[in-house]
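Following: one structure in structure tokens, then a few remarks.
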Amino acid sequence: MKIYFLPKDKVKLLVESVLDEFQVFGAKAKEMKFEFGKIDTAAELRLDYNTTILPPVKTFFPNDEKILEFKPNGQTTSVHENSKKVLFGVHPCDIHAIEMMDNIFSTPPEDKHYLERRKDSIIIGINCNTPCSDKILCYDKGTYKADSGFDLMFWDNGESYLVEVVTSLGNFLASKFSYFFNFFTEYSGDFHEFKSEYHKRQDFVFEKKLTRKISELPEAMRQSYESELWHEVGAKCLSCGSCNIVCPTCYCFDVKDVVDIDLAGGHRCRNWDSCQNLDFACVGSGENFREKSSQRNRHRVFKKEVYLPQNKGYSGCVGCGRCNTACIAGISLIDIYNNVFSEEV
Amino acid sequence: MKPKLAMFSFTSCEGCQLQILNLEDELLSILNAVEIVNFREAIDEKAQDYDIAFVEGSITTPEEIEEVKDIRSKAKLVVAIGACACLGGVNAMKNFFPLDFVRNEVYKEKASCFPTLPVQRVGDVIKVDYEMHGCPITKKEFLHVTKSLLLGIPLKQIHYSICTECKTAGNVCLFDKGETCIGAITRGGCDAICPTFGDGCEGCRGFVDEPNFEGMIQVLADRGLTKPEIKNKFTYFNGLDVIETINDKIEEFVK
Amino acid sequence: MEADFIKMETGYVPVEAKITKITQPTEYEKVFTLDFPHKEHLKFLPCQFVMVSIFGFGEAPISICSSPDDEEFQLCVRKVGSLTNKMHSLKVGDFIGIRGPYGNGFPVEVLEGKDLLFTAGGLGLAPLRSLIRYVLQNREKFGDFTLLYGARSPHDRLFADEISEWETSEFVDFHETVDIGEENWMGNVGLITSLFPMIGIDPEKTIGVIVGPPIMYQFVVREMLKKEITDKNIFMSLERRMRCGLGKCGHCQMNGVYVCQEGPVFNYVDVQAIQEAI
Amino acid sequence: MKKLDINVHHLTRVEGHGNVVVNYEKGKVENFQLQIVESPRFFEVMLQGRHITEAPHITGRICGICSVGHTTASLKAAEKALGITPSEQTQEMRKVLLNAEFIQSHVLHACFLVLPDFLNVGSVIPLAETHPEEVKRALRLKKLGNDICEVLVGRHIHPVSMTVNGFTRIPSESEFEKVRKMLLDSEDDILKMVALFKTLKMPDFVNDTENIGLTSDGEEFCLYDGKITSSYGKIIEDENDYLELIKERVVEHSSAKHVKGEGETYAVGALSRLNLSAEKLHPKAKVLVEEFGLELPNYNPFNNNVAQVIETVHCFYDSIERIENLLEKGIKQENYKDYEVKAGRGAGACEVPRGILFHDYEIDEKGIIVKANCIIPTGQNLANIEKNMRKLVPEIIDKPKEEITHSLEMLVRAYDPCISCSAHFLDVEFV
């Protein structure tokens, strides 16, 4: 592991150099919010952003992704995109989400479409000095910091960043640009001490939102299966699907064919889908296995907090707060979790 | 034999037909695949023999009732296009006023020679095989529907909301900007064009199946909208669908 | 070249299968016999399914209705959606896309040496036929074999030719009923549960298998339990919506279980722990 | 003398529904009417009880083809009622959008609806076979108009982001840049279209008339804003006083609610605008007046087709200049919500492809509309079309019936009638 030292006023130069050789994705301003998207100029890239509208992980799992092409002669080809991408400035919660999606899509049978996009991508993380909003629960979830899942990590050190290099890809990038720029000097201080000081400052500004420990959540949640709570949530919910679309760990999708205007060729693509849609669990014969909004809401939360912990050993919620922000009806996971905690006997 | 396609227009702005003419890149390919036999806005031909009839506009006069019935009897498939045909659309605002008042207001002493009926959807008068929503329809959906009809693919209504598409587009939510919108319970399919261009959804594609009206009213009331404002939002395009059901709910939910 | 081929096989790309025979048992169902370019594509277990695709019309999960030991590979397709409608318009010699097989399939070894009580409702007979034929082809490995079948009406009965064989066969004790009778129907009329009083089984050594429409499971399970078959000896195959077949798209999920991966065949003990299952 | 009875049911290749009924006997027009069978939609009533900010979107739906125009007139009326003057950037953008609507509408009319008459094919479908290059080029030009609206305001039919005092979304500089490039890339197509129309000969026919349109003392060829001007001399400075010139009236012999200006009938539209202020056209359009041999003022209604082609060229070059100016000044993110709602009345007039358009609203202190009125171009032209026909029929009466019918259709078509927005016309049986 190497630690570099990067003065903040040199960041723009670094981004410019990276842009010369890679596709760069990062946060940029969109009205009064931020979006995570392709960066065209170094000036666009913002490292001082709060949660982006859509999460970085969707770079590897885009909506309306072409997966197959079919030609009039019956020939079918699988479509894969593989371009070297740099995700510049990813928050720890989103790094956790990417790690989780990596695991989901690489669990056999693997999803080559995701993995191809992901394969050569370099992830540059940036730690959070302050919480993004009051809708987040990354502090409770422990996802306000990340130990893995990135190639480089930027640590704010006042006038400069400390750049932590953890992978060979990260090393590749850092050394590539340290050759071009002389400001990449190795950091001589005690990095462990720096880190613990940094986290102490975070402890001071980040707030715990849940009334109990996160480790108690799956069990408390299991107990709530028949709770009245879900009917209350269901009554409020407009089944609009926003929570799923903005979630960095929602990966349900629909597959559809699009035929060309010549009616012969075309392609098959997959689109983001939402388990809150009325017909999400409808079968051909018309039976709907989650016809009530309360059931669908419960399914969304249980998938994150019961099923994934049970099947995979991790929670499906990284506490980024996007769903809480997106819900115009005011449904919030923070409230749901706390209600579940208070109900449990 | 190319399938014969006919376009008909009733009470409307004819924008949906124009949307079809606006498919500049695809128009010539469409002409290769189908024979357009009736399209008053573009061509002289007027045939009585057609397979697929696209019908635009609401039904508002006795003559239109007869004409649309005649179309049904001749066409194998009838597709209602646009908010006017599928929902009543903006035309339905007329139904909130007494008909005599409406006529007198515009035509004064000549009002009596003016036949007009309460606005109806095409589907209220004849059986419709598919409803292509929107004010106007989207070019994308017209292409999708036309290709599907030609290939014999059964058509299904889009089931997800405008919000799904709006979030997918990565938009800043109208509510975050202090605006309101009824995209959460409106049927998707337009790629959330209005919110994308900074304007709230007005519901031109009709409501999703099983819309949560109570929840939506509550959300709007929480944002400070008054009863008439909420009513106006719901009746912009969907007057025929909601005017009775929604009134009581608005009374109940809005202080 | 070879690596490419393997990659394609593991993704969404189907192999082309040729339709060699079509029969139509009912107004809404057709049975398609398929021929594959390579024999290994035919390897599967009873109650597994494949994703059938026709470009432009999409994909749908379809159960395999032939036995692994059959020479022929067959799918029984009910006309319900865009893909299945299109399939019904296809002719012998046409091609369709197939990927799979997917799902766990039936654990045939647990049946060996046991008495069998199979219950099929409606289209559920299609996937179960795979197992029925397998049992009949390997009859010596199993004990008594009772088969119950319920259709909506006499003209909704699937595989009528085979049913006639089963009726007279000494290898299977076959009973059937229809929900709604017709003038020329001489058989039973009533729900499938009405067949249970007619049968006698040894609960100690009987394995129950249920495949049918969602509404049926609760009632048939109750009958089986009444016959004192234990939880762990009851198996069922469940239907869910599927988009990928690869345990990703989320549509087939019931609680924490992806039916396309961990199902469609479940033991009743496990089903009881899955609230959304039946 | 022959007796002629022509009844063209559902005139084709016009926007909206119109029937032509002529009954010619004993050497004079016995009975004549351009019937409007389009069912009325009562927008003036529908607007009552709606908030003034809703009006532009509702009235934009009066007509799919003049959607930007209706929205613009409605916005101007609303802003007048509220006492708002929108920013220069807003006004410039609106002018670009109107230009785009003119391009798309004029190209649709000239190349798809009119051209088949001159090339002797029934419609654009056979035209696509006989003149594929011309059709493809026209499609590209029509698309240009649509695409400009798509980039700037979401779509042409019922534009999304046009709102009171500005835009709900202001396009980025790169989007303006894109529009500029789209325009520049189309220059060749525009020039070829002009060349094609130069080869066509319009029928000879003259019928003197009053013209009404917007004019200014300044340099601008007025489409968005100006004084309401009659060629007979009267000029209305304040849009709110438009009724001093434009008089709605009920005519006994016609069921339609007619409009008159200084004289009994008047014309609006491309040819009227050229008659009123051709000298202010963009230089590249102005030279075409002479190249087409168009002597102004011109009273051959068929020349409206030519005037449209000239205006298309004007709108094209005018848009490029306006966008370049906007880009030079830099695009500002302005807040449209920056105004107070108060009671008032406002009328807005602007030119749309078919002529001058008026919207007029009265609102209460909460901004709720209590009274509304719209006067659309086709309504204004209707009496003039009838007048032309009364003169034309005797001139061509010796020709075969089909030819007469065709000529009358061509005449109506030349006015590019947008009948669907004719909220005021009745369908009355003639005996």
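Each chain carries a letter (A, B, C and D) given by its place in the written order, and its residues are counted from 1.
Throughout what follows, a residue touches a chain if its C-beta (ideal position, glycine included) is under 8 Å from a C-beta of that chain, and two chains touch if they have at least 3 such contacts.
Keep in mind that what you see is a predicted model, and the values were worked out from it rather than measured.
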Next on the checklist: I'd like the most central chain, judged by C-alpha centroids against the all-protein C-alpha centroid.
Outcome noted: B
Checklist entry - Among the chains in this structure, which pair is joined by the largest number of C-beta pairs in contact? => result B-D
Item to check | Farthest chain relative to chain B (centres taken as mean CA coordinates) | outcome: C
Checklist outcome for this item: chain B and chain D have mean C-alpha positions lying a whole-number Å distance apart equal to 25
Checklist entry - Between chain A and chain C, what is the separation of their C-alpha centroids in Å? => result 39
Next on the checklist: Averaging over Cα atoms per chain, report the distance between chain B and chain C in Å.
Outcome noted: 43
Checklist entry - When the centre of a chain is set as the mean of its C-alpha atoms, what distance in Å lies between chain C and chain D? => result 65
Checklist outcome for this item: Multi-chain contacts in chain B, i.e. residues touching at least two other chains, fall at 151
Checklist entry - Can you list the chain A residues in contact with two or more other chains? => result 259, 263, 273
Checklist entry - If you look at chain C, which of its residues touch at least two other chains? => result 56-57, 81
Checklist entry - Taking all chains into account, which pairs touch? => result A-B, A-C, B-C, B-D
Item to check | Of chain B, residues touching chain C in the complex | outcome: 151-154, 156
Checklist outcome for this item: In the complex, the residues of chain C that touch chain B are 56-57, 81-82, 85-86, 89
Checklist entry - Can you list the chain B residues touching chain A in their complex? => result 26, 29-30, 33, 143-144, 147, 150-151, 159-164, 166-168, 170-173, 175-177, 183-185, 208-212, 214-216, 218-219, 222
Checklist entry - Residues of chain A touching chain B in their complex? => result 30-33, 35, 37, 53-54, 63, 235-242, 245-246, 258-259, 261-263, 272-274, 277-279, 293, 325-326, 328-330
Checklist outcome for this item: As the complex stands, chain C meets chain A at residues 7-8, 10-14, 16, 53, 55-60, 78, 80-81, 84, 95, 97, 213-214, 239-241, 243-244, 246-251, 253-256, 275-276
